[in-house]
Amino acid sequence: MTRIGFIGVGTMGLPMAKNLLKKGFAVTAFDANPEAVTAAAAAGMAAAASAAECVATADIVITMLPSSPNVESVYTGDGGVLAAARRGTLCVDMSTIDPAVSRRVAAAGKERGVRFIDAPVSGGVPRATDGTLAIMVGGEAADVQEALPALQAMGANVIHVGPVGSGEVAKLCNNLIAGVVGVAVSEAFRIAEGFGVDPKIVTEVISKSSGNTWVMEHMHPVPGLVAKAASSHEYRPGFMTDLMCKDLGLAVDAARALRVPVFVAPAAQQVYRLASSHGLGRKDCTSVYAFLKPSAAEAPV
Amino acid sequence: MTRIGFIGVGTMGLPMAKNLLKKGFAVTAFDANPEAVTAAAAAGMAAAASAAECVATADIVITMLPSSPNVESVYTGDGGVLAAARRGTLCVDMSTIDPAVSRRVAAAGKERGVRFIDAPVSGGVPRATDGTLAIMVGGEAADVQEALPALQAMGANVIHVGPVGSGEVAKLCNNLIAGVVGVAVSEAFRIAEGFGVDPKIVTEVISKSSGNTWVMEHMHPVPGLVAKAASSHEYRPGFMTDLMCKDLGLAVDAARALRVPVFVAPAAQQVYRLASSHGLGRKDCTSVYAFLKPSAAEAPV
Amino acid sequence: MTRIGFIGVGTMGLPMAKNLLKKGFAVTAFDANPEAVTAAAAAGMAAAASAAECVATADIVITMLPSSPNVESVYTGDGGVLAAARRGTLCVDMSTIDPAVSRRVAAAGKERGVRFIDAPVSGGVPRATDGTLAIMVGGEAADVQEALPALQAMGANVIHVGPVGSGEVAKLCNNLIAGVVGVAVSEAFRIAEGFGVDPKIVTEVISKSSGNTWVMEHMHPVPGLVAKAASSHEYRPGFMTDLMCKDLGLAVDAARALRVPVFVAPAAQQVYRLASSHGLGRKDCTSVYAFLKPSAAEAPV
Amino acid sequence: MTRIGFIGVGTMGLPMAKNLLKKGFAVTAFDANPEAVTAAAAAGMAAAASAAECVATADIVITMLPSSPNVESVYTGDGGVLAAARRGTLCVDMSTIDPAVSRRVAAAGKERGVRFIDAPVSGGVPRATDGTLAIMVGGEAADVQEALPALQAMGANVIHVGPVGSGEVAKLCNNLIAGVVGVAVSEAFRIAEGFGVDPKIVTEVISKSSGNTWVMEHMHPVPGLVAKAASSHEYRPGFMTDLMCKDLGLAVDAARALRVPVFVAPAAQQVYRLASSHGLGRKDCTSVYAFLKPSAAEAPV
């Protein structure tokens, strides 16, 4: 029986770890938040008192953490995974982070004989719960192969993109586009609305034309047009504004490090940021449509 | 036999008028550029010496002009269509212009007993030539019905969107999204490239995820991934950067008039504008990918 | 005694016209809003029942109107100034509008023997009341000379910039910069605040360095640093967000017509627009600082 | 005689270190680039073979490095300054970096009994050579006092802004504004030019109005208006586009970390980035004016 050390059993990590349990993996859990560990124990996992303890006897280490600095310190900090894991351990980081950090951690692992692949997910809490996440993987083919049974316990669609970091790159690129499209569709439909044109017909026209996008089809920001979209349910997430803001931030930062000029990505990022400032951070990201409302008529001179 | 007065027989208008001829309409042509009239005559149309002469005996007037001021002056200027056409004439403006201008011209027409609908097209010269344009129509149902045979001679997909101006609104909204997406996809793939990840695999990942768009599928900006895309043919248009810039300009102007805040649309508009300044105006708009190349390493301090 | 026909006696126009009266000009007033005419009459002006009546016997016509379309229709519409004024009349448009419209109206005037100059103002209601406006003038030198006594009755600083339209151009360029600076200073001080650094000392440092600007010195967006700034008085205008938005809109539109690529101007324009959507339209434009507040900590994953 | 260990004797660091020598400090130099060390030795400094050797006997350590990661690794890496310096040594980092990194290094120093202040400079190579840099300092008052003689050997204007990191914050805020203003002034003057209005007179008008800025007065981007400006000397720096891009990048990154929404700063950053991509990286940053040229007339339809 493969032993998994799972670090980061929060909103996303816990349902993912539960699916591993369900598929017969032995899971030991750790989280910086003790309540999360308690919840994991209640679900039948072994509870570890530290990251080091969590990974000491693991065959595979899985991490699901909020941000690049968390990943870097959990792996390379004092008492971190790279120091505590046995030589040959396979580490799978499923966090959404800067691909350069993935590569840095992988290189540090190599020096200590620990293998590392990146495997960020898409699909949010509902698909984490169902075990149907999309998982984009970067790493050596043999390592990806070895991780596959565990990944398939959590996701329905596992794609090997390329060398270490490539999973993160694919995710960032995807979310850059989706995030920008969310704002573009919102702007377009505010204009249609301003002209008094039926958004349902405009949606039909666009769906057959060059402006068609997955976001409009599945996450239409105008309430009432797509029954399953968050907009039709008071913008309950779905994919939160704050997460979209974070992912666009990673993409824009990566562009800076690569010296790639980007214009629509930072513009969209800042719109989500500002929407968050004005109370929409934990709503679905398509609530940006509500935020971009027209202003009242200008004051006469 | 329905008599058509066709004003504006340039790059787009001429092949459209030829398809009307081919389907048995009697076409009289006029253009501000005498060479265009000569070409129309060579193709078998009657040549008119003025807009007034062109429409004097027409059942249906069709206009295909470069910009809002052109449409406004051709219709409402001295010797314009509204003055010269017989009462009851049906005018079909197929230019891509500001929907507010369409409505203004329609109102002016109503005062003089002339009917007006807007019917902008999408598909470019190739589909104008094939008679397979997509046509988005705004106007009274009866007028749209009456224009249908002529429209179907030029296009394969005719959609009645709503009242006058609605065709333009649908087109602007569509092109706003497509134009922004073109920049977003370019930014994303420049980032993937900077990380050294295979763009083909990234394309596959995104095509099954939330970032999927018509533009990536059909107009992929990275050369060599989509055989029919302009990028695979040295960015020969396709849809020119200058036209995308114009359409985004119309959308942004409309937003201003409606007091709708827009962020990614003007950012994309200005990227196309700047690309045009640097020589890409008459290349396909996806050449923006080539324009957004990374800069060289920064100078050391 | 020079007879002035003054069209547009609203918030700005009325105090300007009063200063003309005070300096001994005979003023006949008209406004589309009858209450404004009543107020003008109460202040001692002759009341006209129409624009045509207002200008029929005037030596100089002055217009102070909200927007480009208003100016165009007041001058060139049916019963407009150009039709009603006597040959040789000098028209002075003090509205803030598109310079291309100024030129168009001037050309139309020339055809009818009516002279036209543009003379937009800066300084707002307080300086309109004091008669100390800054006035930027575009037109023939002789016409500007002839208008000078009237202009000096309303303003303290009259500058002849160049040919017709140049006054508007100078104003748009100035306000483009001031509007962008207002956002830039707000962003910078939000960052300083985020780091917990005293904004007063940061202001001192910047005031002696390359980031110094008139806006920071006189309209500092952070409350409490500049006693006379609107920020220190709950953002009471001052210069309203809606007006800044309008002026940036004119600048961005002009850029589009001239095919000049612009990036920071539309970004700033849209921030003011969105601030207006969220209730700050009639506050001072520096309230954009309040609008750009940081968001709360992101939700944990 | 105070012994200085100076790390980073490149384009900026060498002339700064020379001024210390000239004022009687004993300077030991190190640089990752051996040629830079040779040049320092030729100028009369002691050459160190490593950072550790450079700081081993220093009373004050000064660092002048290109970026945040360089500073972090030089201080906290293996064989770094914090490990090698004696307890009680005062470290003065004069690099332009992320204020959060300054604070992190200061905290790491405190643990090892080493003091740290940040003291970024402004003025470029000419003022580094003259010893007239502006220096913005963050740190404990006593530490700043102790560093003052050394700082005054290099700069003419030393300002203590606040606690550690505050010098960097002040510099970023200043450069954010200056960088945005550079683009705004360029956009405004491209518009004035498009209308054919004399830029000299527009400059005069703006210099007395709300759009006045230090950048326009001293670094006017239009050639020929300010004799000393880089624009009048083929955009020879001055302050390079790549450095402006870097500083705006630091400001935008800081905003992200602080969750402050920013719009004009990233727009300006990306314009400089793109200008660098197109060959202007080592020209003066005001060459952005040349880059923002209007496009040719659009192709007719």
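By letter and in written order, the chains are A, B, C and D; residue numbering begins at 1 in each of them.
One rule holds for everything that comes next: contacts are C-beta pairs under 8 Å (C-beta built on N, C-alpha and C of every residue); 3 or more make two chains touch, one makes a residue touch a chain.
Quick caveat, the model's predicted, so the values are computed rather than measured.
Interface comparison, B-C versus A-B: the higher number of contacting C-beta pairs is recorded for A-B. Separation between the centroids of chain B and chain D, computed from CA atoms only, is 48 Å.
Centroids built from CA atoms put chain B at 38 Å from chain A. The set of chain B residues that touch two or more partner chains comprises 259, 261-263, 267, 270, 273-274, 276-277, 292-296, 298.
Chain contacts in this assembly form a complete graph, since each chain touches every other chain. Touching chain D in their complex are the following residues of chain A: 249, 252-253, 256, 259, 261-263, 266-267, 270, 273-274, 276-277. Of all the residues in chain C, the ones that touch chain A in their complex are 8, 10-13, 64-66, 95, 240, 242-243, 245-246, 263, 267, 273-274, 276-278, 281-282, 291-296, 298-301.
The touching residues of chain B, when paired with chain A in their complex, are 99, 122, 134, 136, 157, 159, 161-163, 165-166, 169-170, 172-178, 180-181, 183-185, 187-192, 194-198, 201-202, 204-206, 208-216, 218-219, 251, 254-255, 258-265, 267-268, 270-271, 292-298.
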